[in-house]
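Input: structures, listed below.
There are two complexes below, and they share chain A, which is joined by chain B in the first and by chain C in the second.
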Partner chain A sequence: MFNFKDVYLTDYFIVAGPLEKEHDVKKCDMYIDDYYFGEKTVEDAEIKMQRTVLNNLVNSNTELIIGGDLTNQLTALGSSTINKNIPVLGIYSACATMSASFLTLAGFIQGKFIREGIFLTSSHNLAAEKQFRFPVEYGAPKPYRSTFTATAAVGIKLSKTSSKIKVVNGLLGKVIDSYVKDVHNMGAIMAPGAATTLVDYLNQSKTEVKDYDLIITGDLGSTGSEIFKEILKKEHNIKINNHLDAGAIFYKDFEYAGASGPAVLPLILVTRIFNNKKYKKILCLATGSLHSPVLVNQKHSVPTICHAIYLEVV
Partner chain B sequence: MNKKEYLKLVKKFTPKEKKLKNAFNAFLMGGTLGFIADGLKCLIVKWAHIPIKEATTWVLIIYIFLASLFTGLGFFDKLVMKFKCGLIVPITGFAHSITSSALDYKNDGLITGLGGYLFRLAGCILLYGIIAAFFLAILKVIIYV
Partner chain C sequence: MFNFKDVYLTDYFIVAGPLEKEHDVKKCDMYIDDYYFGEKTVEDAEIKMQRTVLNNLVNSNTELIIGGDLTNQLTALGSSTINKNIPVLGIYSACATMSASFLTLAGFIQGKFIREGIFLTSSHNLAAEKQFRFPVEYGAPKPYRSTFTATAAVGIKLSKTSSKIKVVNGLLGKVIDSYVKDVHNMGAIMAPGAATTLVDYLNQSKTEVKDYDLIITGDLGSTGSEIFKEILKKEHNIKINNHLDAGAIFYKDFEYAGASGPAVLPLILVTRIFNNKKYKKILCLATGSLHSPVLVNQKHSVPTICHAIYLEVV
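After this line comes the complex of A and B, so read on.
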């Protein structure tokens, strides 16, 4: 458990894709109407999305950029930060990359190594599909339990300077074996990770579920959310009424379980939660499935991880 | 929770696929494709005076061309998602898999991209198709000779 004393969330910038615009993710700073964003390839489009975010956030006070995405070798981050003249640290925890980079950056600020930094996560549906699944134009039938990678790049600035949103504490999660080998069922893969981290967090912080206004999970989707609640009820006797899954909000008319990707949770946090006066004490559980296509082909089950961050909105 | 218990729980909460509806859709689409193909073949034989055996090849070429064109135009994947095996099992599925791979990797170099990945999906159809054909041919020889 890491306690932060003076780490604040001061600014953010979001670039979201065309489907996100259609599916009720309003109030983003910028939308792209075309998956290629004026570039030749989808990889270049993701790089340009990240670069747009950075161009709008980086200033002379920025001392560090931490981030990650879903592409191999963190392709997008590696190229979007070229010639920015700022130290960069790449992190990968699949869809939990958001909370992993959040906690790392908060640690740097709390440790007084830096005063201000940015963390950045992105995912591009077509780039991720190409890498993890099938070619983009291939109409591989998707089952109802599958999730759809969102297209968005989100940059968030953390600083010592006080602001409305305070980062109170956080917990880095442990890697759990989900026993699930079905890569379509990302919700079932990530649910045990989310439940384990939540229980660990509650034990270590000596709090209860009802102490929070909202417990928001990353991208469990509708299937994963139900499994998550069932694990908590069956295993730990915890009943959870203030839960919301960021991924399950998206793409309801698609007959999928929801959205996935490292940008889903920050997207919903920034556009829906922070400006809602109902939510003051927010516990974020960004879940990640550490899915390696190679190991899945070799009949391994998929491990999962989840990191927790507790934020207070004043 | 142990492995067995958890997988049981996952099964309970995972939404079921509508298999019967999918099979019906695929049956309908596959049947329609076959019906049109046969009609087309008759027309080609009648109007172009091409022998039946060659007319079959012409129908296949037309199907491959249309599936590739529609993939390139960007709406064939939606049809495949809807009709599933009705479009995947016929030759349209084969053309679709190759064209979609080609579109994905066209910017990654002629050798390292296009050449290496063109048969990413269709490669297994070729491999196992040829192996199956080999054994079936042996079987045919044993039965008929």
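After this line comes the complex of A and C, so read on.
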């Protein structure tokens, strides 16, 4: 368990995609109207989305940029930060990159190595589909249990400067085998990871589910959320009524299981959760499906990981 | 600059490949005789190399495993750590993953979040070639400026427990554009990164090149080392006589520019540098070429990064 005393969430900036706008993902700072964002490739579009976030968040107090994305070898982060003249640390935990970056950045601030920094996560639907599932079988419908990689880039600033959102503590998760090989079913892959980390977190913090106003996962989707709750009930005798999944609530009237991508959970947090007065004590569980085309083609089951961050809104 | 007071390097374990054994890379704990290591794929071989390292280093005091490799989306780390029941954090900085992991782990120990952890980096020549350069043009000779991805996995234990190797401080680097598009010439790509971080490090630590017994880079190779020294001389008026490059000294009588891979620098450090009585004050600059097949195919120049770690041997 990492405990923080002097770490606050002080600012953020979000660029979201056209489907996100259409599906009423509200209060983003900016939307892009087409997937190319004026660039020649979707990869360059994702790099530009990240740069746009950084251009709106970085200032003279920014001592570190940390984070990652779903592109091959973190190409987007490596390119968006070129010549920014600020140290950069790349983190990879698939969709759990959000909480891994959050926790690492908070750790560096609490450890007095820096006073302020930004963590940045993004995904671009077309860039991610190319990375993880290319060549796709064009024309084949996806199963309903699939999540749809969101197009968004989110930067969040953490600082020693006090704000209404306090970063209280967090837990890095363990890698576990999901025994699932179907990469469309990321919810089933990641649900055991989320359950394991939640149980570890409750044990180590000596708290119970009811001590939180909200336990938010990202991104199990609607399918994975059901599995998550079932595992908790059957294996751990934990009943959870205060749960939302960022992926499952991301799109409205969506035919698949919801959204996925490392930007989904932070986006939902800053636009819907922090300004909802119901939620003061928020436990975030960002889940990751640690697959790659190589692993999948070699018929391995997909490992999963989940990192926890606990926030208090005052 | 991250300053550490209570962080020590206390143990390590190395598994190296057949070419490494043949080329007299000495004092590794274990060598594999063939690239498959009893597995069906080279990727599984790399996973097994990492697991072997962990099986020999992890004990009840290990609170965190951190690190990365060159496989697609850190598949190797994600798979080698399955069911280890220890928290895992994935870092990606290409070959600079070594110092990025080193610094992050040291930061977590100094910040009192953990007392002991392991960082683990690896590369497998055939897995890396497939990831970065597949489809290769079979039969085409490589240019002499190429480095050859080493096959090795190195785990290093850091701890609050005192040892003869003290981790003194470190610096996370900035991403800069190398303006080089030739991915065979990783030395030319990474030399500007190494020079930038060295200059930043000297400025921030208020030290000079002569204050160190050794400035060791990894992995510029012989070609990149020359460029590194030229940049320092021409652009910064710094003459450097106490420099070695881990990649350049890795293989003996080698036709290319040397070895590369995130395991090369830590391997050279623990087997050749720490037990050489000449070197008490060692500044390590691990360099990374932040390329990916996507970036290269889209004709971008390759960004570079370099992170510094300063060690004292007592």
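Here, the second predicted complex is superposed on the first by the 303 of 314 C-alpha atoms of A that agree within 3 Å, B and C clash if a C-alpha of one lies under 4 Å from a C-alpha of the other, contacts with A are read in each partner's own complex, and residues count from 1 in each chain.
Basically, contacts are C-beta pairs under 8 Å (C-beta built on N, C-alpha and C of every residue); 3 or more make two chains touch, one makes a residue touch a chain.
Treat the numbers as computed from the prediction; the structure is a model and nothing was measured.
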Have a look at where A:H300 lands relative to chain B and chain C in the superposition and call it first, second, both or neither. second
Give one of first, second, both or neither to describe whether A:V53 is in contact with chain B, with chain C, with both, or with none.
-> neither
Mind working out whether A:C284 is in touch with chain B, chain C, both or neither, as first, second, both or neither?
neither
Review point. Now for A:A248: first (chain B), second (chain C), both, or neither, which partner does it touch?
Key: neither
Notebook entry, point to check: In the superposed arrangement, does A:A152 touch chain B (first), chain C (second), both or neither?
Noted result: neither
Requested in this report: Once the structures are superposed on A, label A:T41 by its partner contacts, choosing first (chain B), second (chain C), both or neither.
Outcome: both
Tell me which partner A:V168 touches in the superposition: chain B (first), chain C (second), both or neither. neither
After the superposition on A, what does A:V88 contact: first (chain B), second (chain C), both or neither? second
Worksheet item: First (chain B), second (chain C), both or neither: which does A:I227 touch?
Response: first
Larger residue footprint on chain A, choosing between chain B and chain C, goes to C
Footprint intersection on chain A (chain B / chain C) at 40-41, 130
Given the complex, residues on chain A that touch chain B span 40-41, 130, 134-145, 178-180, 185, 188, 192, 223, 226-227, 230-231, 234-235, 257
In the complex, chain B touches chain A at residues 1, 3, 6-7, 9-10, 13-17, 22, 71-72, 74, 76-81, 84, 87, 96-97, 99-101, 103-105, 107, 120-121
Given the complex, residues on chain C that touch chain A span 2-3, 40-41, 43-44, 64, 68, 70-75, 78-79, 81-94, 100, 104, 107-108, 110-113, 130-131, 171-177, 290-295, 298, 300, 303, 305
